[in-house]
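You will see two complexes here that share chain A, one where it goes with chain B and one where it goes with chain C.
Moving on to the complex of A and B:
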């Protein structure tokens, strides 16, 4: 497997911030970039021992086919589900426009 | 003791002692709960253990317990003993924020599974405890609301992320508390505050209604002053829940019997392994010394102690700081300002702009840092090298545990490399300084195995030191057996550690004298 060496650039962090949907100021991006480079040195170490013959663990105890009974349980009423909505209208969540004009 | 009980002293007792007084009708739950609420209102402004205090909720349950007891109804043995709950656990009708500004004012419409169990057992809920935002941190300095102070020295941190629960216990602001442990958030604060904290086997306690941080690592568990109290609380919290697809089915009532058995201090036939990688270098001298003398006590009780190698543990911190942020970045995507929680916006912005501004305003610095790191680790071109490699390290660490548990019944190590540090001391430009606090607690989260921290003594600075016990999956009872034996031996030698704390004693004595 190819080893990945990461050096975070401001440009790269800005791209990640876009993917994560978080707005950052220029100064925050600079700080974050240098912090991520420090962390990067600490985490690159995992690649030293992750050989091809080692299988991956996704879960501490492998469970298979966990199904509950197909029975009606308690569910939230519409009113409680909407109770914490920042905005609501006609029993629905009111959200900002999804598509911009341009 | 029971004959001359003063309500002001009630809060200094263990949960088990309080339960005995309640069951003997020598004290009412209303008195006991009231004593805690008084103490919280008098002292918590110095500690900041609580984010929310729920007087009415607690007193209502207390009265119900008293009425039922008066009628001679059968009650849970701990009914009427109050409890504090970490704010990461959702509580119907009680504000739940996970110490994040993004959830400020959120009143959940449902109860977590463990809250339902606590309500069924009728433990009055005193309130919600402070923590690092979304349980991300090791000092409770990353709370979005306030910093919790260590009651042993208010200038120091109580550890994290569950600093609020641990501080509440040692300051006698709650006899029992619930914590969550993703990389040590129950055990490291327990170590730094001289209390007992247990991370049960992954799947032992339902995560339904625990706000997810890193789902494959998160586990809820008990915090208290003594091993026996945590055992009783795990008996309430633990058990299969169909609403958690990772839930395991095993008996949790045997924890208390194991703790009681441990009090006999007979460890003949018990094999313990000191983890070579979690001792010596990187651990402070006083921590190592305290650990070594605890090991001597274990040997005196008949335990056979050897040193075992877990070579892959050296990679656990690196693997954890890939897996955890990756799962964080995915889990915290749900906070987008659309359905609940904060929405920071003007009306003419697009949904995407609204999300960007909401998340910028609502999340704290460390949370953002981990989301960005996780987004990177999961992104195309890096997924295999980072996330994939970390998952492989997880396999190697599991193998180390499996090999070790072929030789020994339980593993031991110090819980944290140092005693509590000063508030602000590790908030530096190098986040890894803070991350290293979890070096000894992370391996079990990666393997899913259970572990306990209990106090082993005080350091050169007079601050508590934690001793960690690790057991194979579903064998949580071994923690309670060995932990209880060590606790008993230490107590006979030095007295109970939690009784040595000076905080709050004066206030209580003053009130006692006034009466």
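Moving on to the complex of A and C:
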């Protein structure tokens, strides 16, 4: 089993926060860092007893193959799709200039 | 580190010093009726933001449900690629921010994709095959479409704002990733294009995608790196994105090999980055650096449960698999009595399906090839259309050829009928009837024209009577004119010989 990330550093948490576009104060970063370390320690504790014969669980319910038939259903009208858009133009969402490509 | 060399070496020099290693990622848009995780229609060309549901917009609380058909299509493709179909696969979130992505993550697959390792063998000459090893193929959703406004030629740089249409958001994609490919040598660009073409053909044959390059149904990202000849070391790669014609794929790979070699020979290091292909200049330009930007923080998608594929499901799909393109090409080459070159010409013209259907409607393969690669290719090229977009069907072509075979029209009239069909002047039968195009095969009418022509040209008539057949063309020409081009020249000749 893969170990969870241990020893979150403040830098690492800041990097993750930047990737998630979330701004934190230094105090918040410190708090989050110690909380994340507690969580990862707990996860690793569980990993110690979970041998390779325990299958990974990504879902609380033991479900598989929940499928939908390939049949067209209802769609939103353009007007309602755009209803909450701060800005729109020609039936599209207008977003600010994008700086980096892909 | 350098993105552009000071001077460019030629291709031969590049190949003399370096081994080419490449990897290809191909995205194929599936032609399911609905999207991957919701029942909004999967269609092209609709009004913006009309083919969407709360799921494709990523509205809070909207939950994805997997389209069973998309999984079936993935299995089909997996079988065609001789690949391992994973018994259990999972979806994952690939996190990044971009306006065409409503949820700020793309639902994709990470370390346990539906399709595992496989391979595809490409015929690179009459006798040689080249194997491309496939690492994996995974299901994922497509993003929406950004239109950048205000910048030069719709490019992102200098744009004032962007407009987003989410009709494409959530359309099912399969991404097929190769392992690094070694040993292609100077043929690397050609092999890369051939590989993408083969995937396109397979997707069409399996009917899992419309696979139209010009609509972006098939998009290729090409990774190129060079290593010093014989060193076996992997160099630093560049990734040229979204090149969407076979010709451009080949040209982009060719360009990148030269660019890498030129930088390396100047003693510089290649920058690891994405590159953008420009059709107009046949070159690539720097995109963004890739070094640490690819921190996608994949994690399992909690709203989707595992996909479990039973042997029965696989067997059922296997039993319904159509004949694959490579097998079909070999079979048709033989059945049609084609040389490998004949077949290659047909393939290069993207005309195999058209020729095949024309043959199905009763035309000989040789004649079908002649029309599609000759007159029809010429017309298509003039109109900047692809052959399939011409307003003429293989059935029409077969009808026209039958008129020739039955001696009802000559080659010249046949061409006129083709032009008229494409111009929308009616069906083949209507055009022939309305314009009175059928060949004049009425002997008495032709006989009359021949007699008139001989009378008009007494000198020529005299020569013919004395056994000098050289000027016979003059009489044939006059008869053709009198019949408004509708006479069968062979028949006219016979009548002249009888009447002289």
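Going forward, the second predicted complex is superposed on the first by the 78 of 102 C-alpha atoms of A that agree within 3 Å, B and C clash if a C-alpha of one lies under 4 Å from a C-alpha of the other, contacts with A are read in each partner's own complex, and residues count from 1 in each chain.
What we mean here is this: a residue touches a chain if its C-beta (ideal position, glycine included) is under 8 Å from a C-beta of that chain, and two chains touch if they have at least 3 such contacts.
As the structure is a computational prediction, the values presented were derived from the model and not from experiment.
Enquirer: Examine A:50 and indicate which partner it touches, taking first as chain B and second as chain C; both and neither are also allowed.
Expert: In the superposition, A:50 contacts chain B only.
Enquirer: Going by the touch definition up top, name the partner, chain B or chain C, that contacts more of chain A.
Expert: Partner touching more chain A residues in the overlay: B.
Enquirer: After the superposition on A, what does A:64 contact: first (chain B), second (chain C), both or neither?
Expert: Only chain C is touched by A:64; chain B is not.
Enquirer: Report for A:93: first if it touches chain B alone, second if chain C alone, otherwise both or neither.
Expert: both
Enquirer: Which partner chains sit in contact with A:76 here, chain B, chain C, both or neither? Use first/second/both/neither.
Expert: Both partners, chain B and chain C.
Enquirer: In the overlaid three-chain picture, which partner chain does A:39 touch, first (chain B) or second (chain C), both, or neither?
Expert: The answer is first: A:39 touches chain B but not chain C.
Enquirer: Enumerate the residues of chain A that count as touching chain B in its complex and touching chain C in the other.
Expert: Chain A residues touching both partners: 16, 19-21, 56, 58-59, 61, 63, 66, 68-69, 76, 81, 93, 95-98, 100.
Enquirer: Which residues of chain C touch chain A once you look at their complex with the stated criterion?
Expert: Answer in residue numbers: 32-34, 38-41, 47-54, 57, 65-71, 88, 90, 95, 97-99, 146-148, 156-157, 159-166, 241, 274, 276, 287-288, 295, 297, 300-302, 304-308.
Enquirer: Using the touch definition up top, name the residues of chain A that touch chain B in the complex.
Expert: Listed in rising order, the residues are 1-4, 6, 8, 13, 16-17, 19-24, 31-32, 34-36, 38-39, 42-51, 54-61, 63, 66, 68-69, 76, 80-81, 83-87, 93, 95-100.
Enquirer: Going by the contact rule set out above, which residues of chain B touch chain A in the complex?
Expert: 106-107, 109-110, 202-203, 216, 242-243, 245-246, 248, 312, 315, 317-319, 321-322, 329, 333, 336-343, 345, 347, 349-357, 359-360, 363, 368-369, 371-373, 375-376, 379, 381-382, 384-386, 388-396, 398, 429-432, 435, 446-449, 473
Enquirer: Name, in rising order, each residue of chain A that touches chain C in their complex.
Expert: For this pair, the touching residues of chain A are 15-16, 19-21, 56, 58-59, 61, 63-78, 81-82, 89-98, 100-102.
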